[in-house]
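First the structure, in the form of C-alpha coordinates, and then the observations on it.
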Amino acid sequence: MSVTRDEVNEFLAREFPQNGCTVDVLGVDHATVRRRVGEADLRPGGTVAGPVLFAVADCALYIAIFGGMGITPMAVTSSLNMNFLSRPAADRDLLGACKLIKVGRTLVVGEVSIFSEGLDAPVAHAVGTYALPRR
Amino acid sequence: MSVTRDEVNEFLAREFPQNGCTVDVLGVDHATVRRRVGEADLRPGGTVAGPVLFAVADCALYIAIFGGMGITPMAVTSSLNMNFLSRPAADRDLLGACKLIKVGRTLVVGEVSIFSEGLDAPVAHAVGTYALPRR
Amino acid sequence: MSVTRDEVNEFLAREFPQNGCTVDVLGVDHATVRRRVGEADLRPGGTVAGPVLFAVADCALYIAIFGGMGITPMAVTSSLNMNFLSRPAADRDLLGACKLIKVGRTLVVGEVSIFSEGLDAPVAHAVGTYALPRR
Amino acid sequence: MSVTRDEVNEFLAREFPQNGCTVDVLGVDHATVRRRVGEADLRPGGTVAGPVLFAVADCALYIAIFGGMGITPMAVTSSLNMNFLSRPAADRDLLGACKLIKVGRTLVVGEVSIFSEGLDAPVAHAVGTYALPRR
(Lines give C-alpha, C1' and ligand atoms only; values in the text may rest on other atoms or scores of the structure.)
Protein backbone atom coordinates (compact mmCIF):
# COMPACT_ATOMS: atom_id res chain seq x y z
CA MET A 1 0.00 0.00 0.00
CA SER A 2 1.33 3.34 -1.03
CA VAL A 3 0.04 5.47 1.84
CA THR A 4 -0.31 5.21 5.62
CA ARG A 5 -3.25 6.04 7.84
CA ASP A 6 -1.32 8.94 9.34
CA GLU A 7 -0.62 10.42 5.95
CA VAL A 8 -4.28 10.26 5.03
CA ASN A 9 -5.32 11.82 8.34
CA GLU A 10 -2.85 14.66 7.71
CA PHE A 11 -4.27 15.14 4.23
CA LEU A 12 -7.84 15.28 5.57
CA ALA A 13 -6.95 17.71 8.36
CA ARG A 14 -5.15 20.01 5.93
CA GLU A 15 -7.30 19.83 2.80
CA PHE A 16 -10.77 18.78 3.96
CA PRO A 17 -11.23 19.65 7.66
CA GLN A 18 -14.90 20.60 7.27
CA ASN A 19 -15.62 16.97 6.41
CA GLY A 20 -15.06 16.01 10.04
CA CYS A 21 -13.89 12.44 9.45
CA THR A 22 -10.70 10.71 10.51
CA VAL A 23 -9.38 7.33 9.44
CA ASP A 24 -9.48 4.35 11.82
CA VAL A 25 -8.57 1.55 9.42
CA LEU A 26 -6.94 1.64 6.00
CA GLY A 27 -6.32 -1.26 3.62
CA VAL A 28 -5.79 -1.75 -0.09
CA ASP A 29 -9.50 -2.25 -0.77
CA HIS A 30 -11.20 -1.03 2.39
CA ALA A 31 -11.25 1.72 4.98
CA THR A 32 -13.11 2.69 8.13
CA VAL A 33 -13.65 6.34 8.98
CA ARG A 34 -14.89 7.90 12.21
CA ARG A 35 -16.91 11.03 12.76
CA ARG A 36 -17.75 12.77 16.01
CA VAL A 37 -21.41 13.67 16.38
CA GLY A 38 -22.37 16.96 18.00
CA GLU A 39 -25.37 19.24 18.45
CA ALA A 40 -24.88 20.77 15.01
CA ASP A 41 -25.31 17.37 13.38
CA LEU A 42 -28.83 16.72 14.63
CA ARG A 43 -32.12 17.22 12.79
CA PRO A 44 -35.67 17.71 14.12
CA GLY A 45 -36.41 14.75 16.40
CA GLY A 46 -32.89 14.76 17.85
CA THR A 47 -31.39 12.21 15.51
CA VAL A 48 -28.37 12.62 13.24
CA ALA A 49 -29.21 14.48 10.02
CA GLY A 50 -29.05 12.60 6.72
CA PRO A 51 -26.28 14.75 5.22
CA VAL A 52 -23.98 13.77 8.10
CA LEU A 53 -24.47 10.10 7.29
CA PHE A 54 -23.93 10.88 3.63
CA ALA A 55 -20.66 12.62 4.54
CA VAL A 56 -19.48 9.51 6.38
CA ALA A 57 -20.32 7.22 3.46
CA ASP A 58 -18.80 9.55 0.90
CA CYS A 59 -15.59 9.97 2.90
CA ALA A 60 -15.21 6.24 3.65
CA LEU A 61 -15.31 5.52 -0.08
CA TYR A 62 -12.88 8.35 -0.89
CA ILE A 63 -10.41 7.02 1.67
CA ALA A 64 -10.77 3.37 0.63
CA ILE A 65 -9.69 4.47 -2.85
CA PHE A 66 -6.61 6.12 -1.31
CA GLY A 67 -5.80 2.81 0.39
CA GLY A 68 -5.27 1.13 -2.95
CA MET A 69 -3.86 3.86 -5.14
CA GLY A 70 -2.46 6.47 -2.75
CA ILE A 71 -3.89 9.89 -2.00
CA THR A 72 -5.96 10.91 -5.02
CA PRO A 73 -7.51 14.26 -4.14
CA MET A 74 -9.31 14.68 -7.45
CA ALA A 75 -11.30 11.47 -7.27
CA VAL A 76 -14.91 12.75 -7.26
CA THR A 77 -18.22 11.21 -6.33
CA SER A 78 -20.19 10.18 -9.40
CA SER A 79 -23.21 8.60 -7.72
CA LEU A 80 -24.24 7.49 -4.27
CA ASN A 81 -27.27 5.51 -3.17
CA MET A 82 -28.12 5.46 0.54
CA ASN A 83 -30.59 3.46 2.55
CA PHE A 84 -31.32 4.71 6.05
CA LEU A 85 -31.90 1.72 8.29
CA SER A 86 -32.27 2.77 11.91
CA ARG A 87 -32.03 5.86 14.04
CA PRO A 88 -28.40 6.73 14.85
CA ALA A 89 -27.46 7.51 18.45
CA ALA A 90 -27.09 11.26 19.04
CA ASP A 91 -24.20 10.74 21.45
CA ARG A 92 -21.96 8.15 19.82
CA ASP A 93 -19.35 8.45 17.09
CA LEU A 94 -20.36 7.23 13.66
CA LEU A 95 -18.16 4.63 11.97
CA GLY A 96 -18.30 4.11 8.22
CA ALA A 97 -16.76 0.88 6.93
CA CYS A 98 -16.17 0.78 3.18
CA LYS A 99 -15.28 -2.24 1.06
CA LEU A 100 -14.44 -1.65 -2.60
CA ILE A 101 -16.46 -3.83 -4.98
CA LYS A 102 -14.77 -2.86 -8.23
CA VAL A 103 -11.71 -0.81 -9.10
CA GLY A 104 -11.83 0.05 -12.78
CA ARG A 105 -9.73 2.29 -14.94
CA THR A 106 -12.04 5.27 -14.62
CA LEU A 107 -14.64 4.27 -12.01
CA VAL A 108 -14.49 2.73 -8.55
CA VAL A 109 -17.55 1.18 -6.88
CA GLY A 110 -17.75 0.53 -3.16
CA GLU A 111 -20.23 -0.20 -0.44
CA VAL A 112 -20.32 1.34 3.01
CA SER A 113 -21.98 0.21 6.24
CA ILE A 114 -22.46 2.91 8.86
CA PHE A 115 -22.75 2.19 12.59
CA SER A 116 -23.15 4.13 15.80
CA GLU A 117 -20.05 3.00 17.68
CA GLY A 118 -20.75 0.09 20.02
CA LEU A 119 -24.19 -0.74 18.59
CA ASP A 120 -24.79 -3.76 16.39
CA ALA A 121 -27.45 -2.75 13.89
CA PRO A 122 -26.20 -0.61 11.00
CA VAL A 123 -27.79 2.85 10.82
CA ALA A 124 -27.29 3.22 7.08
CA HIS A 125 -25.90 1.45 4.03
CA ALA A 126 -24.56 3.06 0.90
CA VAL A 127 -23.24 2.07 -2.51
CA GLY A 128 -21.30 4.71 -4.37
CA THR A 129 -19.25 5.33 -7.46
CA TYR A 130 -16.21 7.59 -7.76
CA ALA A 131 -14.74 8.84 -11.01
CA LEU A 132 -10.95 8.74 -11.05
CA PRO A 133 -8.92 11.57 -12.54
CA ARG A 134 -7.37 10.81 -15.93
CA ARG A 135 -3.75 9.75 -15.68
CA MET B 1 -52.22 24.34 1.01
CA SER B 2 -51.95 24.20 4.73
CA VAL B 3 -48.71 26.11 5.21
CA THR B 4 -47.00 29.19 3.79
CA ARG B 5 -43.43 29.67 2.66
CA ASP B 6 -42.83 32.07 5.53
CA GLU B 7 -44.04 29.55 8.07
CA VAL B 8 -41.71 26.92 6.67
CA ASN B 9 -38.76 29.31 6.67
CA GLU B 10 -39.49 30.13 10.32
CA PHE B 11 -39.61 26.42 11.12
CA LEU B 12 -36.27 25.79 9.39
CA ALA B 13 -34.57 28.77 11.07
CA ARG B 14 -35.81 27.66 14.49
CA GLU B 15 -35.55 23.86 14.32
CA PHE B 16 -32.97 23.09 11.65
CA PRO B 17 -30.65 26.09 11.17
CA GLN B 18 -27.53 23.94 10.57
CA ASN B 19 -29.17 22.70 7.37
CA GLY B 20 -28.56 26.09 5.77
CA CYS B 21 -31.47 25.99 3.33
CA THR B 22 -34.31 28.45 2.85
CA VAL B 23 -37.46 28.04 0.77
CA ASP B 24 -37.89 29.93 -2.50
CA VAL B 25 -40.97 28.20 -3.87
CA LEU B 26 -43.61 26.06 -2.16
CA GLY B 27 -46.51 24.18 -3.74
CA VAL B 28 -48.71 21.21 -2.89
CA ASP B 29 -46.42 18.76 -4.68
CA HIS B 30 -43.21 20.70 -5.22
CA ALA B 31 -40.71 23.04 -3.59
CA THR B 32 -37.49 24.86 -4.41
CA VAL B 33 -34.91 25.47 -1.72
CA ARG B 34 -31.84 27.71 -1.79
CA ARG B 35 -28.50 27.29 -0.10
CA ARG B 36 -25.65 29.78 0.15
CA VAL B 37 -22.27 28.29 -0.71
CA GLY B 38 -19.22 29.34 1.30
CA GLU B 39 -15.61 28.31 1.87
CA ALA B 40 -16.64 25.66 4.39
CA ASP B 41 -18.71 23.89 1.72
CA LEU B 42 -15.84 23.18 -0.66
CA ARG B 43 -13.86 19.98 -1.08
CA PRO B 44 -10.37 19.34 -2.50
CA GLY B 45 -10.33 20.84 -6.00
CA GLY B 46 -12.39 23.85 -4.95
CA THR B 47 -15.78 22.49 -5.87
CA VAL B 48 -18.81 22.05 -3.61
CA ALA B 49 -18.59 18.90 -1.45
CA GLY B 50 -21.03 16.06 -2.09
CA PRO B 51 -22.68 16.22 1.36
CA VAL B 52 -23.72 19.83 0.67
CA LEU B 53 -25.51 18.74 -2.49
CA PHE B 54 -27.06 15.87 -0.57
CA ALA B 55 -28.30 18.35 2.05
CA VAL B 56 -29.97 20.42 -0.67
CA ALA B 57 -31.69 17.37 -2.18
CA ASP B 58 -32.76 16.03 1.19
CA CYS B 59 -34.15 19.38 2.32
CA ALA B 60 -35.99 20.07 -0.95
CA LEU B 61 -37.82 16.77 -0.57
CA TYR B 62 -38.59 17.39 3.12
CA ILE B 63 -40.07 20.79 2.28
CA ALA B 64 -42.05 19.57 -0.74
CA ILE B 65 -43.78 17.15 1.64
CA PHE B 66 -44.65 20.09 3.91
CA GLY B 67 -46.21 21.82 0.90
CA GLY B 68 -48.84 19.14 0.62
CA MET B 69 -49.45 18.06 4.19
CA GLY B 70 -48.25 20.93 6.35
CA ILE B 71 -45.12 21.01 8.50
CA THR B 72 -44.28 17.39 9.36
CA PRO B 73 -41.06 17.51 11.38
CA MET B 74 -40.86 13.76 11.93
CA ALA B 75 -40.88 12.80 8.26
CA VAL B 76 -37.50 11.06 7.87
CA THR B 77 -35.37 10.13 4.89
CA SER B 78 -35.68 6.45 4.05
CA SER B 79 -33.47 6.32 0.95
CA LEU B 80 -31.80 8.75 -1.40
CA ASN B 81 -30.04 8.11 -4.68
CA MET B 82 -27.89 10.88 -6.13
CA ASN B 83 -26.16 11.30 -9.44
CA PHE B 84 -23.52 14.02 -9.66
CA LEU B 85 -23.65 15.54 -13.11
CA SER B 86 -21.34 18.53 -13.38
CA ARG B 87 -19.07 20.63 -11.20
CA PRO B 88 -21.06 23.17 -9.17
CA ALA B 89 -19.90 26.80 -9.12
CA ALA B 90 -18.06 27.65 -5.89
CA ASP B 91 -19.52 31.17 -5.81
CA ARG B 92 -23.19 30.77 -6.65
CA ASP B 93 -26.15 29.72 -4.55
CA LEU B 94 -27.42 26.20 -5.06
CA LEU B 95 -31.10 25.73 -5.93
CA GLY B 96 -32.81 22.40 -5.38
CA ALA B 97 -36.13 21.92 -7.17
CA CYS B 98 -38.19 18.97 -5.94
CA LYS B 99 -41.24 17.45 -7.57
CA LEU B 100 -43.12 14.72 -5.71
CA ILE B 101 -43.68 11.57 -7.76
CA LYS B 102 -45.82 9.64 -5.29
CA VAL B 103 -47.48 10.51 -2.02
CA GLY B 104 -48.49 7.31 -0.28
CA ARG B 105 -49.87 6.57 3.13
CA THR B 106 -46.48 5.81 4.67
CA LEU B 107 -43.93 6.72 1.98
CA VAL B 108 -43.36 9.74 -0.26
CA VAL B 109 -41.12 9.58 -3.35
CA GLY B 110 -39.76 12.68 -5.04
CA GLU B 111 -37.10 13.76 -7.47
CA VAL B 112 -34.83 16.77 -7.14
CA SER B 113 -32.79 18.66 -9.71
CA ILE B 114 -29.99 20.83 -8.31
CA PHE B 115 -28.57 23.86 -10.11
CA SER B 116 -25.95 26.52 -9.50
CA GLU B 117 -28.10 29.66 -9.73
CA GLY B 118 -28.04 31.21 -13.18
CA LEU B 119 -26.45 28.25 -14.93
CA ASP B 120 -28.41 25.89 -17.19
CA ALA B 121 -26.94 22.44 -16.70
CA PRO B 122 -28.02 20.64 -13.52
CA VAL B 123 -25.15 19.83 -11.14
CA ALA B 124 -26.90 16.87 -9.55
CA HIS B 125 -30.12 14.85 -9.65
CA ALA B 126 -31.63 12.88 -6.81
CA VAL B 127 -34.54 10.55 -6.17
CA GLY B 128 -35.47 10.03 -2.56
CA THR B 129 -38.00 8.41 -0.30
CA TYR B 130 -39.31 9.76 2.99
CA ALA B 131 -41.14 7.73 5.62
CA LEU B 132 -44.10 9.59 7.10
CA PRO B 133 -44.84 9.43 10.82
CA ARG B 134 -47.82 7.27 11.78
CA ARG B 135 -50.97 9.30 12.30
CA MET C 1 -31.51 13.73 -35.53
CA SER C 2 -29.54 10.97 -37.14
CA VAL C 3 -32.05 8.16 -36.94
CA THR C 4 -35.78 7.61 -37.40
CA ARG C 5 -38.24 5.75 -35.23
CA ASP C 6 -38.69 3.14 -37.96
CA GLU C 7 -34.97 2.51 -38.17
CA VAL C 8 -34.77 1.99 -34.42
CA ASN C 9 -37.76 -0.37 -34.47
CA GLU C 10 -36.08 -2.38 -37.21
CA PHE C 11 -32.88 -2.53 -35.17
CA LEU C 12 -34.77 -3.74 -32.07
CA ALA C 13 -36.73 -6.36 -34.01
CA ARG C 14 -33.55 -7.68 -35.62
CA GLU C 15 -30.98 -7.44 -32.82
CA PHE C 16 -32.94 -7.46 -29.56
CA PRO C 17 -36.36 -9.08 -30.11
CA GLN C 18 -36.42 -10.77 -26.68
CA ASN C 19 -36.56 -7.28 -25.13
CA GLY C 20 -40.15 -6.93 -26.30
CA CYS C 21 -40.19 -3.13 -26.61
CA THR C 22 -41.06 -0.95 -29.56
CA VAL C 23 -40.57 2.78 -29.97
CA ASP C 24 -43.53 5.15 -29.84
CA VAL C 25 -41.71 8.50 -29.65
CA LEU C 26 -38.12 9.42 -30.48
CA GLY C 27 -36.41 12.78 -29.99
CA VAL C 28 -32.87 14.05 -29.59
CA ASP C 29 -33.00 13.78 -25.80
CA HIS C 30 -36.04 11.66 -25.09
CA ALA C 31 -37.91 8.54 -26.14
CA THR C 32 -41.03 6.61 -25.23
CA VAL C 33 -41.11 2.83 -25.59
CA ARG C 34 -44.06 0.45 -25.41
CA ARG C 35 -44.23 -3.09 -24.18
CA ARG C 36 -47.09 -5.56 -24.44
CA VAL C 37 -47.90 -7.31 -21.17
CA GLY C 38 -48.86 -10.99 -21.22
CA GLU C 39 -49.30 -13.93 -18.88
CA ALA C 40 -45.57 -14.66 -18.88
CA ASP C 41 -44.86 -11.19 -17.46
CA LEU C 42 -46.83 -11.61 -14.27
CA ARG C 43 -45.55 -12.50 -10.80
CA PRO C 44 -47.31 -14.02 -7.79
CA GLY C 45 -50.31 -11.81 -7.04
CA GLY C 46 -51.08 -11.28 -10.71
CA THR C 47 -49.16 -8.05 -11.17
CA VAL C 48 -46.35 -7.33 -13.61
CA ALA C 49 -42.99 -8.70 -12.44
CA GLY C 50 -40.23 -6.24 -11.53
CA PRO C 51 -37.81 -7.40 -14.24
CA VAL C 52 -40.38 -6.48 -16.90
CA LEU C 53 -40.54 -2.93 -15.55
CA PHE C 54 -36.75 -2.88 -15.41
CA ALA C 55 -36.63 -3.95 -19.06
CA VAL C 56 -38.91 -1.06 -20.02
CA ALA C 57 -36.78 1.49 -18.13
CA ASP C 58 -33.53 0.09 -19.47
CA CYS C 59 -34.79 0.04 -23.06
CA ALA C 60 -36.28 3.55 -22.89
CA LEU C 61 -32.90 4.92 -21.84
CA TYR C 62 -31.05 2.92 -24.51
CA ILE C 63 -33.36 4.28 -27.20
CA ALA C 64 -33.27 7.88 -25.93
CA ILE C 65 -29.49 7.72 -26.41
CA PHE C 66 -30.05 6.58 -30.01
CA GLY C 67 -32.29 9.61 -30.53
CA GLY C 68 -29.38 11.96 -30.00
CA MET C 69 -26.42 10.07 -31.37
CA GLY C 70 -27.85 7.46 -33.73
CA ILE C 71 -28.04 3.73 -33.16
CA THR C 72 -25.27 2.83 -30.69
CA PRO C 73 -25.63 -0.89 -30.03
CA MET C 74 -22.67 -1.07 -27.66
CA ALA C 75 -23.94 1.50 -25.18
CA VAL C 76 -24.30 -0.56 -21.98
CA THR C 77 -26.13 -0.01 -18.72
CA SER C 78 -23.77 1.10 -15.97
CA SER C 79 -26.28 1.60 -13.15
CA LEU C 80 -30.02 1.77 -12.72
CA ASN C 81 -32.06 2.76 -9.70
CA MET C 82 -35.78 1.94 -9.70
CA ASN C 83 -38.59 2.89 -7.41
CA PHE C 84 -41.79 0.88 -7.73
CA LEU C 85 -44.73 3.18 -7.11
CA SER C 86 -48.01 1.42 -7.75
CA ARG C 87 -49.31 -1.87 -9.03
CA PRO C 88 -49.25 -2.03 -12.85
CA ALA C 89 -52.33 -3.23 -14.70
CA ALA C 90 -51.99 -6.82 -15.88
CA ASP C 91 -53.91 -6.11 -19.10
CA ARG C 92 -52.53 -2.83 -20.38
CA ASP C 93 -49.37 -2.00 -22.32
CA LEU C 94 -46.55 -0.43 -20.36
CA LEU C 95 -45.15 2.88 -21.61
CA GLY C 96 -41.70 4.04 -20.54
CA ALA C 97 -40.93 7.72 -21.13
CA CYS C 98 -37.26 8.64 -20.85
CA LYS C 99 -35.75 12.11 -20.67
CA LEU C 100 -31.99 12.43 -20.76
CA ILE C 101 -30.55 14.50 -17.92
CA LYS C 102 -26.93 14.57 -18.99
CA VAL C 103 -25.08 13.48 -22.11
CA GLY C 104 -21.38 13.32 -21.33
CA ARG C 105 -18.43 12.06 -23.31
CA THR C 106 -18.47 8.62 -21.70
CA LEU C 107 -21.65 8.50 -19.60
CA VAL C 108 -25.29 9.35 -20.22
CA VAL C 109 -27.78 9.83 -17.38
CA GLY C 110 -31.53 9.72 -17.89
CA GLU C 111 -34.75 9.33 -15.98
CA VAL C 112 -37.71 7.20 -16.95
CA SER C 113 -41.34 7.28 -15.86
CA ILE C 114 -43.33 4.12 -16.51
CA PHE C 115 -47.10 4.03 -16.90
CA SER C 116 -49.81 1.51 -17.59
CA GLU C 117 -51.32 2.95 -20.76
CA GLY C 118 -54.35 5.10 -20.08
CA LEU C 119 -53.78 5.37 -16.33
CA ASP C 120 -52.47 8.55 -14.69
CA ALA C 121 -50.31 7.43 -11.78
CA PRO C 122 -46.82 6.21 -12.72
CA VAL C 123 -46.15 2.59 -11.81
CA ALA C 124 -42.40 3.04 -11.53
CA HIS C 125 -39.64 5.62 -11.85
CA ALA C 126 -36.03 4.96 -12.74
CA VAL C 127 -32.77 6.85 -13.06
CA GLY C 128 -30.05 5.12 -15.00
CA THR C 129 -26.57 5.58 -16.39
CA TYR C 130 -25.23 4.18 -19.65
CA ALA C 131 -21.57 3.91 -20.57
CA LEU C 132 -20.89 4.89 -24.17
CA PRO C 133 -18.45 2.93 -26.31
CA ARG C 134 -15.13 4.65 -26.96
CA ARG C 135 -15.04 6.40 -30.29
CA MET D 1 -36.16 -21.73 9.71
CA SER D 2 -39.73 -22.21 8.66
CA VAL D 3 -39.19 -23.39 5.11
CA THR D 4 -36.82 -25.67 3.21
CA ARG D 5 -34.97 -25.10 -0.03
CA ASP D 6 -37.08 -27.77 -1.72
CA GLU D 7 -40.31 -26.11 -0.66
CA VAL D 8 -39.14 -22.80 -2.08
CA ASN D 9 -38.07 -24.42 -5.34
CA GLU D 10 -41.50 -26.04 -5.62
CA PHE D 11 -43.13 -22.67 -4.97
CA LEU D 12 -41.03 -21.00 -7.68
CA ALA D 13 -41.67 -23.76 -10.22
CA ARG D 14 -45.40 -23.63 -9.59
CA GLU D 15 -46.06 -19.91 -9.09
CA PHE D 16 -43.24 -18.07 -10.83
CA PRO D 17 -41.68 -20.32 -13.50
CA GLN D 18 -41.03 -17.46 -15.94
CA ASN D 19 -38.55 -16.05 -13.44
CA GLY D 20 -36.16 -18.83 -14.28
CA CYS D 21 -34.34 -18.96 -10.93
CA THR D 22 -33.83 -21.89 -8.57
CA VAL D 23 -32.50 -21.83 -5.03
CA ASP D 24 -28.99 -23.11 -4.25
CA VAL D 25 -28.63 -21.91 -0.66
CA LEU D 26 -31.22 -20.79 1.87
CA GLY D 27 -30.65 -19.37 5.35
CA VAL D 28 -32.54 -17.20 7.81
CA ASP D 29 -30.98 -14.00 6.46
CA HIS D 30 -29.44 -15.00 3.16
CA ALA D 31 -30.03 -16.97 -0.02
CA THR D 32 -28.25 -17.82 -3.24
CA VAL D 33 -30.23 -18.31 -6.44
CA ARG D 34 -29.10 -19.73 -9.78
CA ARG D 35 -30.24 -18.90 -13.27
CA ARG D 36 -29.41 -20.65 -16.52
CA VAL D 37 -28.34 -18.29 -19.28
CA GLY D 38 -29.47 -18.96 -22.84
CA GLU D 39 -29.62 -17.26 -26.23
CA ALA D 40 -32.81 -15.43 -25.31
CA ASP D 41 -31.03 -13.72 -22.42
CA LEU D 42 -28.40 -11.95 -24.50
CA ARG D 43 -28.38 -8.34 -25.70
CA PRO D 44 -26.54 -6.71 -28.60
CA GLY D 45 -22.85 -7.45 -28.14
CA GLY D 46 -23.53 -11.01 -26.98
CA THR D 47 -23.57 -10.30 -23.26
CA VAL D 48 -26.36 -10.99 -20.77
CA ALA D 49 -29.11 -8.34 -20.88
CA GLY D 50 -29.59 -6.08 -17.88
CA PRO D 51 -33.14 -7.27 -17.10
CA VAL D 52 -31.83 -10.81 -16.63
CA LEU D 53 -29.37 -9.59 -14.00
CA PHE D 54 -32.15 -7.57 -12.43
CA ALA D 55 -34.30 -10.72 -12.28
CA VAL D 56 -31.53 -12.56 -10.45
CA ALA D 57 -31.07 -9.77 -7.90
CA ASP D 58 -34.80 -9.36 -7.38
CA CYS D 59 -35.36 -13.09 -6.93
CA ALA D 60 -32.39 -13.56 -4.56
CA LEU D 61 -33.85 -10.89 -2.28
CA TYR D 62 -37.36 -12.35 -2.49
CA ILE D 63 -36.04 -15.77 -1.51
CA ALA D 64 -33.79 -14.50 1.29
CA ILE D 65 -36.93 -13.02 2.86
CA PHE D 66 -38.58 -16.45 2.64
CA GLY D 67 -35.59 -17.92 4.48
CA GLY D 68 -36.38 -15.89 7.56
CA MET D 69 -40.17 -15.68 7.55
CA GLY D 70 -41.37 -18.52 5.37
CA ILE D 71 -42.85 -18.26 1.89
CA THR D 72 -44.37 -14.80 1.57
CA PRO D 73 -45.69 -14.55 -1.97
CA MET D 74 -47.03 -11.03 -1.58
CA ALA D 75 -43.75 -9.43 -0.57
CA VAL D 76 -43.18 -6.91 -3.39
CA THR D 77 -40.16 -4.99 -4.61
CA SER D 78 -40.23 -1.40 -3.44
CA SER D 79 -36.91 -0.19 -4.85
CA LEU D 80 -33.81 -1.70 -6.37
CA ASN D 81 -30.50 -0.07 -7.21
CA MET D 82 -28.11 -1.95 -9.47
CA ASN D 83 -24.53 -1.34 -10.46
CA PHE D 84 -23.25 -3.30 -13.44
CA LEU D 85 -19.61 -4.15 -12.84
CA SER D 86 -18.27 -6.40 -15.55
CA ARG D 87 -19.47 -8.29 -18.58
CA PRO D 88 -21.18 -11.57 -17.61
CA ALA D 89 -20.20 -14.76 -19.41
CA ALA D 90 -22.77 -15.75 -22.05
CA ASP D 91 -22.30 -19.46 -21.34
CA ARG D 92 -22.22 -19.77 -17.56
CA ASP D 93 -25.01 -19.84 -14.99
CA LEU D 94 -25.55 -16.66 -13.00
CA LEU D 95 -25.48 -16.90 -9.20
CA GLY D 96 -27.07 -14.20 -7.06
CA ALA D 97 -26.06 -14.18 -3.39
CA CYS D 98 -28.27 -12.07 -1.15
CA LYS D 99 -27.59 -11.02 2.43
CA LEU D 100 -30.33 -9.19 4.30
CA ILE D 101 -29.20 -5.93 5.87
CA LYS D 102 -32.35 -5.04 7.74
CA VAL D 103 -35.60 -6.85 8.45
CA GLY D 104 -38.17 -4.33 9.62
CA ARG D 105 -41.85 -4.60 10.32
CA THR D 106 -42.89 -3.38 6.88
CA LEU D 107 -39.65 -3.15 4.87
CA VAL D 108 -36.72 -5.49 4.27
CA VAL D 109 -33.41 -4.27 2.83
CA GLY D 110 -30.83 -6.59 1.34
CA GLU D 111 -27.79 -6.57 -0.88
CA VAL D 112 -27.02 -8.97 -3.70
CA SER D 113 -23.76 -9.85 -5.43
CA ILE D 114 -24.11 -11.52 -8.82
CA PHE D 115 -21.44 -13.76 -10.33
CA SER D 116 -20.96 -15.82 -13.46
CA GLU D 117 -20.40 -19.27 -11.95
CA GLY D 118 -16.74 -20.09 -11.52
CA LEU D 119 -15.47 -16.55 -12.11
CA ASP D 120 -14.20 -14.35 -9.30
CA ALA D 121 -15.19 -10.80 -10.19
CA PRO D 122 -18.84 -9.93 -9.52
CA VAL D 123 -20.78 -8.93 -12.63
CA ALA D 124 -23.29 -6.79 -10.76
CA HIS D 125 -24.21 -5.61 -7.28
CA ALA D 126 -27.65 -4.58 -6.10
CA VAL D 127 -29.32 -3.16 -3.03
CA GLY D 128 -33.05 -3.53 -2.84
CA THR D 129 -36.04 -2.98 -0.62
CA TYR D 130 -39.12 -5.18 -0.35
CA ALA D 131 -42.40 -4.16 1.21
CA LEU D 132 -43.95 -6.88 3.35
CA PRO D 133 -47.68 -7.60 3.28
CA ARG D 134 -49.61 -6.40 6.30
CA ARG D 135 -50.21 -9.13 8.85
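Order as written gives the chain letters A, B, C and D; numbering starts at 1 within each chain.
Throughout what follows, a contact is a pair of C-beta atoms (placed from the backbone, for glycine too) under 8 Å apart; a residue touches a chain by one contact, two chains touch by 3 or more.
Small disclaimer: the values here were computed from a predicted structure and weren't measured.
S.K.: Could you run down the chains that neighbour chain A and chain D together?
M.R.: The common neighbours are B, C.
S.K.: Do chain B and chain C, two copies of one chain sequence, contact each other through the same residue numbers, with over half in common, or through different ones?
M.R.: Same, since over half the interface numbering is common to both chains.
S.K.: Most remote chain relative to chain B, going by C-alpha centroids?
M.R.: Ranked by distance of C-alpha centres from chain B, the top chain is D.
S.K.: Quick one: chain C and chain D, Cα centre-to-centre, how many Å?
M.R.: Comparing mean C-alpha positions, chain D is 22 Å from chain C.
S.K.: Centroid from C-alpha atoms only, then distance chain B to chain D, rounded to Å. What do you get?
M.R.: 34
S.K.: What is the distance in Å between the mean C-alpha positions of chain B and chain C?
M.R.: The computed centroid separation for chain B versus chain C comes out at 28 Å.
S.K.: For chain A, which residues are shared contacts with two or more other chains?
M.R.: Residues 78-79, 81, 83, 129 of chain A each touch two or more of the other chains.
S.K.: Using the touch definition up top, name the residues of chain B that touch chain A in the complex.
M.R.: Within the complex, chain B touches chain A at residues 15-16, 18-19, 40-45, 47, 49-52, 54-55, 58, 73-74, 76-84.
S.K.: Looking at the complex, which residues from chain C come into contact with chain B?
M.R.: Its residues touching chain B are 81, 83, 85-86, 101-102, 109, 111, 113, 121-122, 125, 127, 129.
S.K.: Given the complex with chain B, which residues does chain D contribute to the contact?
M.R.: 78-79, 81, 106-107, 129
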